[in-house]
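Same chain, two partners: chain A is paired with chain B first, then with chain C.
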Partner chain A sequence: MQEKREVIIELKGVEKTFRDFWLRPTVKAVDGLDLSVVKGEVFGLLGPNGSGKSTTIKMVLGLLEPSAGCISLFGLPPRSIAARAKIGYLPELSYLHPFLTARETLRYYAGLCSLDRRTAAERTRQLLEMVGLSDVADRAVGGFSKGMARRVALASALVGKPELLVLDEPTSGLDPVSTNEVKTLVKTLSKGGMTVLMTSHLLGDAEDVCDRVAILNHGKSVAEGRIGEIGTSLEEFFLAKVGEGRSFEVAPFLK
Partner chain B sequence: MKAFREIFAMQFVALVRSKALALLLAAASAWMLLVPRLVADDGTADGAHQVFVRYSLGGVFALLAACLGAAAAGSISSDRALRRLQLTLVRPVRHSVVALGRIAALTAAGALVMSVAAGIALLRTDPSRPCYGVLSPVMESPREEAERMYEVYMADPHTPENVKRAKKSAVVKLLTQKAVDHYQTVSTNETARWTFPAVPAGSSESVAVRLRFTTLFNTREDVVGDFSFGDMRASVSNITQAVVTIPLKGGPAPDGASELVFANRGENALMLRPRRDITLLCREKGDVFAYGLLLAVVVDVCVLAAIVSLSMFLGAGLGKSVAVFAVMAVLFMTSVSSTIVEQYPYELETNRKDQIGLVLTRFMEQATSPVGSFNPVDALAEDRRVSAGELVRAVALDLLALPLLLSLLAGLVMSRKTMD
Partner chain C sequence: MSATALEVLSEPLALLVTMSSMALAALTPALHYHQFGDPSRMARDAGLSALLVGGLAYSVFCTVRTFRREVESGTMQMALSHSVSRRMFFFAKLCGSYAAYLVFAVTLASVSLTVVNGAEIGGALMRRGGEIRPIWGVSFALAVSAAVVPPVLAAILNRFAGFRFTITANALMAALSVAGIAYRFDARLAARFLPVAAMLLLPAAVFAAASAAFAARWRANAALSAAGLLFAAALPLMGNYCLPDVLYKGGSLPAWHFALALVATAPLAAGFAVLGAETLERRDVEGGL
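Moving on to the complex of A and B:
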C-alpha cells in the first residue's frame, strides 16, 4: 500500500560536512542518509545529541545545502519557492520577534505566505483560539513564558496551512497538559492528510505520535521502521541501537 | 509585494516599539535646537545661516548614517544569531525581498527623522531666502588637461626624478588629480575669461557670480574688480568673506553659452581654481530655501538608502559586530578619504608606505564617490539647490539601483551562509 502513496520528502545519499573558515572539513554531520517520507505520515527522526537530526531537518528546509546527495520536497528542490509554500516549521526554540504581539506575529507569517488580509485575520483568530492564546493575542510575545511562546510558534507554523509540518522537538518546554494537546494536534493533522516530520528526545512522545521512525547515530541511519513493527518499546529499541555499553565512568570521580 | 510589505512593517514596528526611532527623533531634534548655541559663526547673518544649516542638518545626517548603518548591519546578522531568520527564510519569500523590506523600513525611518529635522530648520530660518541653481565653467576634463600637460611636465627640470621614471599612466593619473585643483592667476589689471553653458531660460534675469575661496587652510583672499556677462555687469570689492556672491545687473543673460569676463582692479593678483572656485548662480521662480531644503533632504534620504543597503549586505554575510565595525570603517573612510586625497595628492612623491596608504584611500574615495561625492547640505548652506541631474542620479543610483543590487547580493549571501 505504501508504495502507492505520494513521496513528500526524499533524501538520497545525503551528506553534510561542515568546514572551517579555510574550508577544511571539521565534522561530517550527516553521512550518506537515505530517507523517504510519504503523504499523511508522521515520521520521527530520533537519535542522541549530535547525531545529525537538526542538520538533516535544516537541509530538508533548505536552510543548509547538502555537501553531497540530493533532497526533494514534493519533487522540488527544498529552496524553491513552490516547495517552501507547502511547509510549516516549528524550531526547537521559539525564535519570535519580541516586539510583535501574538496576533501580529501570526499575521506577519501569514503575510509571508501571501495570504490575503481577510484570510490571514481569520486564520490568525482560529489558530490563537486553537492554542489557547486568544486572551493574550495583543500582548507582545517578548513577555510570554516559554510555553506560551511555544504555542505562538506552533500556530505560526500552521498559519500558511502547510502540507508538510516540520517539528523540531515540538513538546520541548511544554507542561504535560500542553504536551498532550500537541500530540493530539499532530495526530489530528496527520489524519487530515498533513505530513509531519518531527524530531524528539522524548521517546514516549515519538512512540505515541509517529507512524514510522528512523534512528540516526553519527550522521547515519542505524535503524528505520514502523512503530508497530519494532516488537519492543521504542526506548529499548533506541538504546539497543545507539546506547549499548554507553555510561558515565563515575568510579574515578568518587574515589 | 505582500511579503515585502510585511517585512517592511515588521522592521518599522520593531524600530518604533524598541524606542529606537523615538530616541533618534529626540536626538535629532535636540541637535537641531542646540547647534546655534554650540557653534560660533562669523557674526554676519549669512555666516550664521551657513553654520546653522551645515552643522545642524549635517549632524543629523551623520547621526542617521551611523545609527541606521549599524542597525542595518545588525538587522540580519543578529536575527541569524538569534535564529529568528530561519523562520522567515523557510517561508515562500525570496531572500532578497527579506533584505529589501528591511532596507526600505530603515530608510523610511531615516526619512522621517530627516523630515522632522528639516521642519525644525524651516522654523529657525527664513524659508523664502533665495536659493540658486549652479553652472560651472565649460572646460576640458582634468584627464584631457593631464594628457596635454604630460610632455611639458616631463620636460620640466623641476619634476622629481622618480616621477620621470614612472609609467606614463601613473603620471597622467597624478596630473589628472592636479588638474582638478589647477590654479589660475589673474594679475592686477589683467582680464580672465571663462565660458559658461547657457543660463536656464527661467532665470535669465537673476544671475550672480559666486567666488569660493575655501582653500585647504580656509584662508580668505581679497578680490576687487569688474565682472561682465553679456550685457550684465557687476563690481566686487571683498576682503572678508570666503564665499562671495556678486549679483549681475543690467539686462538679461546672453542666449546660449557665453563668456564671463573678470577684470582685476585690485592691488593683488587673484588666484583661484576655475573648476572649483567660480560658478554662476541662476535663480528660477520658486527657488527659495524651503524648496532647496526639500531637495537636499530627498538626496540625503537617497544616500541613507545606499548606506543602509551596503550595511544590510555586509550584515547578511558577516557577524553583527564585524559587520557593524566594517560599516563604521567604510563610513569613516568615505568621510575622510576625499580630504586625505586632497591634502596628499602626489603619491609618486612619497615613500612606499604612504603610497600604499594613498592607493587604498583613493580606491575608497573612488568606490564611494557615487554616494559620498556630493553633499547637498553643504551646498544648501551656500544657497545652492540640488540640480535636476543630481536629484535624478541620487534617486536612480542611491535609492533604486544600489538597494536593489545589494539586496539581491544579500539574498544570495543569506542563501549561501550556513544557518547554525
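Moving on to the complex of A and C:
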C-alpha cells in the first residue's frame, strides 16, 4: 500500500476567466480543474498551446486570482507570504533585469528570499558555478544569449533553496546538452526531497523526468496518471487524449 | 529598492534629462543677451526652474517606465513569486525611484548653486567695472564641465574598464557637481538657495507617487497622460508655491513655509502611494513578453 504523503499543491474546481477592460469575459483559460501534487514528486502539466498550463501555474503562484474554486499551497492560500517563501519559480521566458549582472541578479533574488549577505554570496557563487556562468558573473544579463539567460533564471529559482520548484517549460531555449543537464538536475533535486511542478511541450522531457502527469486541453484535465502506469508511450497517450490536431494546409501562393 | 534606483540611473532617458536640466541651469544665465543687471537672480530662477521642470519630467517618466517595464517584461512575476508582498514591492520600487530622483536633485541643485555663486561674483565685477560678465568664468566652466565631462569619462571607463556607462556618468555628475560648490563657497547664498530647492522636491515626490499609482493600473501611455492631466489640474495651485515676499527682500525661506508645503504635499504623496499599492494588491499580475 502506498504511504500517504503530504499534499503540497491542491486545486479544487479551479476556474479562470480573463476579462477585457469593460469586464466582459474574453476567454475561459481554466475550467473546473482538480489537481494535487504530493511532496517529493515531479508532476508534469502537459497540454497543447493555450490549454491553460501557464495560467494554472500563475494561479498556483498567487499571481492570478482564480475566478472560482480554491487553491492551497502547503495548506495555505497561494498569496500567503509563508507559502511563497517555499517556492522557486522558473517562468517560460527568462524574465531578468537586463541592467543587472548575473551575480547581482542572484543577489537580488536572494534578497527577496530574505537571505543574509553571507549566505546570499555563498549561494550565488555555488549556483553560478553549477550553471557554468562563473566566468561571466559580472556581465549584465541583457547581453546574454537565450540559453545563458535561462541558466541565470534557473539559478534564481533555486537561490532560496525552495521546497517546491515550479518550472514553466524549463528546457525552452536550451541546447541538447543543457537540456540533459537540467533534466538531471531536476531528478537530483527530486531525490533530495524537493517537489517539482513543471510544464513542457516536449513529451520526451516529461517522460524522462516526471513521476506523474496531467494532460490539459481547453482548460480541463483530460487525463492524469503515473508515467509507469500509462502502458504506452507518453506521446501516444497524449495524442489519444488531445487529438492529432489539424495539419496546416499550405496557402495557395506558397505552392 | 537599490535595484530600482540602479535601473532608473541606468536609463539613458534619465541621463538625458539630467544633462539637459544641468545645461539649462548653467547656460541660461550665462548668455550675454540677458543684461537686466541682476545675473544672480537670473541664475537662481533658471536653476530652480530647471530643478522643478526637469525634476517633474524625471520623476514622472522614470517612475512610469520602471513600473511598466517591470510589468511588461515579466520581472514583476518573478519578484512576486517570492516571499514579497505586493504592497512591499510597490513601496520598494517607489523608494528606489525616489532614491534615483534624489541623485538628480542633488546634482542639479549643486550645479545651480555653483552657477548662482558665479553669478554673484560676476555681478559684483559688473558693478565695479561695468564689464559685461553676467557669470564668473570659473563657476561657469565648473557647471558646464559637471554636465559634459562625466559622460566622456564614463565612456572611457566603459570602454577600458567595463564600467556601466549611464550609472557611472550619473555618479560622476553628482560627484563633480557637489565638488563644484566648494569653489568660493558662500554660506549665506546656500542658506537662501537650498531650502527653496528642497521645497521643489516635494511636488516631484507627489507626481512620482501618482505616476506609480497610475502605472500600477494602466499602460505607460495612459499613465503618462493621467500624470499630465494631474499636472494641468495642479498648475493653478503652484502659482505661489515658493515665492513668499521674504525671498524678494533677500532673506531665507522661513521654516514655517517649508513646513506648510510639507503638510500640503506629504499626505498627497502618501495617498497616491497607498492607492498604487492597493491597486497592485487587488489585480492579476500579468505581462511578460
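The definition used in the following text is that the second predicted complex is superposed on the first by the 240 of 255 C-alpha atoms of A that agree within 3 Å, B and C clash if a C-alpha of one lies under 4 Å from a C-alpha of the other, contacts with A are read in each partner's own complex, and residues count from 1 in each chain.
FYI, contacts are C-beta pairs under 8 Å (C-beta built on N, C-alpha and C of every residue); 3 or more make two chains touch, one makes a residue touch a chain.
Here the structure is a predicted model, which means the values were calculated and not measured.
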item	value
Fit or clash - chain C, chain B, common chain A	clash
Partner chain(s) touched by A:167 [first = chain B, second = chain C, both, neither]	neither
Which of chain B and chain C A:58 touches, first, second, both or neither	both
Contacts of A:37 with chain B and chain C, given as first, second, both or neither	neither
Partner chain in contact with A:87 - chain B first, chain C second, else both or neither	both
Segment of chain B that clashes with chain C, given the candidates 74-82, 272-280 or 344-352	74-82
Common ground on chain A, meaning residues reached by chain C in one complex and by chain B in the other	58, 61-65, 81-82, 84-85, 87, 89, 91, 93, 95-97, 99-100, 104, 108-109, 112-114, 140, 153, 156, 160
Contact set on chain B toward chain A in their complex	2-3, 5-7, 9-10, 13-14, 17-18, 82-84, 86-94, 415-416, 418-419
Complex contact set, residues of chain C against chain A	3, 6-7, 10, 73-75, 77-85, 162, 164, 284-286, 288-289
Touching residues on chain A, where the partner in the complex is chain B	18, 58, 61-65, 79, 81-82, 84-85, 87, 89, 91, 93, 95-97, 99-100, 104, 107-109, 111-114, 140, 153, 156, 160
Partner chain C, residues of chain A touching it in the complex	58, 61-65, 81-82, 84-85, 87, 89, 91-93, 95-97, 99-100, 104, 108-109, 112-114, 138, 140, 153, 156, 160, 166
